[in-house]
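Below are two complexes that have subunit A in common, paired first with subunit B and then with subunit C.
Let's look at the complex of A and B:
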């Protein structure tokens, strides 16, 4: 899942170079520099890719602290 | 002419938005809000000699001294506008600067900085602006708040295209069935935007490029978050834009319209990236196509509807060669007007200017004064003796007050104007600016 998440970030940012620079420890808002609008589009793409639904109103930005943490969060949604 | 007190909240749309309007998905980001709230420092560019600037967080002394050295002669508050002991992220953050002024203890520094009988020069007329005018006995030369709210909506801009017989690609939807129906029809031709009534660049414009996303947005609008809320959005096909630009003009209280400037924009996605003076070819094109008359017509209609003051109209040149003169009306001051006022102050022959932003992160404590010192040391800090250089426009945006519910720790932005002779010198200034930021302890997020 981690690789797919990174691919979607690179797609949203339109920066293929991120495929090489991001890893599981990368912060989505600092290292990938996703802004608030990009975060929404990123989440919508993730929902589509993994067939999950994120609750925007309770979404905790702490989930974006690393690719690994975000992947764990999405995996948790998929189990429900 | 009497002097003026300048102040405002640059996130005006946040305060105009009615609570009963349904909202598109968003992630609350207190840090982003803190950055925008600190942008009010940039209103110094509107100050004439002796004017007063009030800012939410108070200006760093080093920045104030630097601006005085550039012949900006104004007084300002050095301490934050605060109602008392309160944690960041609590109710005070929800108030705009005029609402804060309305609740301040008159004995505080800010109250003593507001002389009776002066003009108020707001960035935009917001809830609380009229009350602040009354409370501090300022001159009441500002338009009605409800009119300002109305003329800043996306539906008003869309209706204005019809009033002026301009091509109008906008569709207004009032419920999810209309959204799905119109959205599906638009998707057959390509991606489209759902625009919130008070959306701004970077927030409130949702790109829809698939039926899945359309259905997801419709579902969100029907969720408990939006239950009993009024649905009102503007749908527009995604324009294949070549150049974004905007026109700034002023309508005085008697209805006289003065065109002030056109600024070209380089946006990052839907968010502001850089503004610079227009290419001569763009101005020639606007002359040929009757653009100025369209701007005057918009001004006359706004005045007829009860608005006067500053206006910024967003426009576009499209890849198919056509001109879209009216993308959006912003009945307020704007970043482009800030850029125009920097130009007016510099007034140097043969010099180009641009206004840019640098997204930053900081891990530890960083002192703004050190950045100014380093820029001066590197010989790139603009001074009146030098023709070229970097002018940092706000101190508080680089490291705004911390808040718990924010994207990443220590995020900020540098807003700066650059004065340069040619593209080579512009690139050199940007390189030196980046180096100075890094050496002072900031991380650049680009």
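Let's look at the complex of A and C:
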């Protein structure tokens, strides 16, 4: 999942170079520099890709602190 | 002490701005000094630009708008600390102690002011929607006890299916169904979001003529099938005062797209889209807080489109249960029956004057409190 999440970030940012520079520890807002609109489009793509629904009550900004944390959150949604 | 009531609005949507203006005007008419402040004035230009970009993205894609509500946010990171400090010092110097708060964003600022003021501060937290809208939900997430020390005022009780307060848009009186022009207003709230653009053809096929809200010159189509287009000045922003330093209703005009559009100042609410709404048989719109206020005060039924988030879903349910609105799908199934709209309009007409006006109630409470002191 981690690799797919990075691919989607690179797609949203339109920066293929991010495929090389981002890793599991990368922060989505600092290292990947997703702005608020890009985060929305990223979530939409993630929901579509993994057939999950992100929810205000479970999602936390902390989940954007690293690709790994975000991937764990999405994996938790998928097993529900 | 300063008796001015400071009404704290947000320009994120017109639903958290226009009601503040209406309350301000009503309080002034009742002899109480009142003033508006708009949250976005405390944001740096870069953040205001981001708000503009979000509006465009939300207009273009409703799924983007809906997803924005799933992501928690801490608005404090969007504040210009120096602008906040200037405002707080100004309030303190002026000894402002009475506030009405329409957006949860402002509570962060009010909390700081209450610490700083050195005197008691009275503030109503006025909930414009039937459930917590995003600014309040984000605030509650950061501070579950946010309302401590404030007076919470709900306009609606969705559990008891009641309207607790109305917001008076002023004269003239609501028109009777027979005095209306039979047309329909179709809009997407202040930001032009939702599914309203998809409905034009079906409504016209059913024989209705439309008054359509456009949000950019590209949206102004030909005047076919009796269509009329209206637009708020697209260059206007809620956080900009006019040349006399006042906050105003959006400059508004009927537009044709054939000539450079001019948008005269909108001095009274009925000089804007509200003046069009009050003459029509129904409004087709997402169920925003502003749409409910317009519906109730003008006596115009709402045909309810998809809600913009869970709070608007509660708004929608309430309007259906009260008999003031009908879901678009249900109305379509009836063959867009005019009689259904007439019944809803009659329900609204029967309810006229039944709900206390918030500003008048506020003024009465103030008067009673001052009488005791």
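Brief remarks follow.
Here is the rule we use: the second predicted complex is superposed on the first by the 77 of 80 C-alpha atoms of A that agree within 3 Å, B and C clash if a C-alpha of one lies under 4 Å from a C-alpha of the other, contacts with A are read in each partner's own complex, and residues count from 1 in each chain.
As a convention for this text, a residue touches a chain if its C-beta (ideal position, glycine included) is under 8 Å from a C-beta of that chain, and two chains touch if they have at least 3 such contacts.
Keep in mind it's a predicted model, so treat the numbers as computed, not measured.
When the shared chain is aligned, no partner comes close enough to touch A:2: not subunit B, not subunit C. When the two structures are aligned on the shared chain, A:38 is found in touch with subunit B, with no touch to subunit C. More subunit A residues lie in contact with B than with the other chain of the pair subunit B and subunit C. Judged by the touch definition given at the top, the superposed model places A:29 against subunit B, while subunit C stays out of reach. Subunit A uses residues 35-37, 39-41, 43-44, 47, 56, 59, 61 to touch subunit B in one structure and subunit C in the other. Those residues of subunit A that touch subunit C in the shared complex are 35-37, 39-41, 43-44, 47, 54-56, 59-61.
The residues of subunit A lying in touch with subunit B in their complex are 27, 29-30, 33-41, 43-44, 47-48, 56-57, 59, 61, 64-65. Interface residues of subunit C, counted against subunit A in their complex, comprise 50, 53-54, 57, 63-64, 67-74, 137.
Residues 24-27, 29, 32, 202-203, 205-207, 210, 212-213, 216, 220, 225, 269-271, 359, 361, 405-408, 411, 443, 445-446 of subunit B are the ones that touch subunit A when the two sit in their complex.
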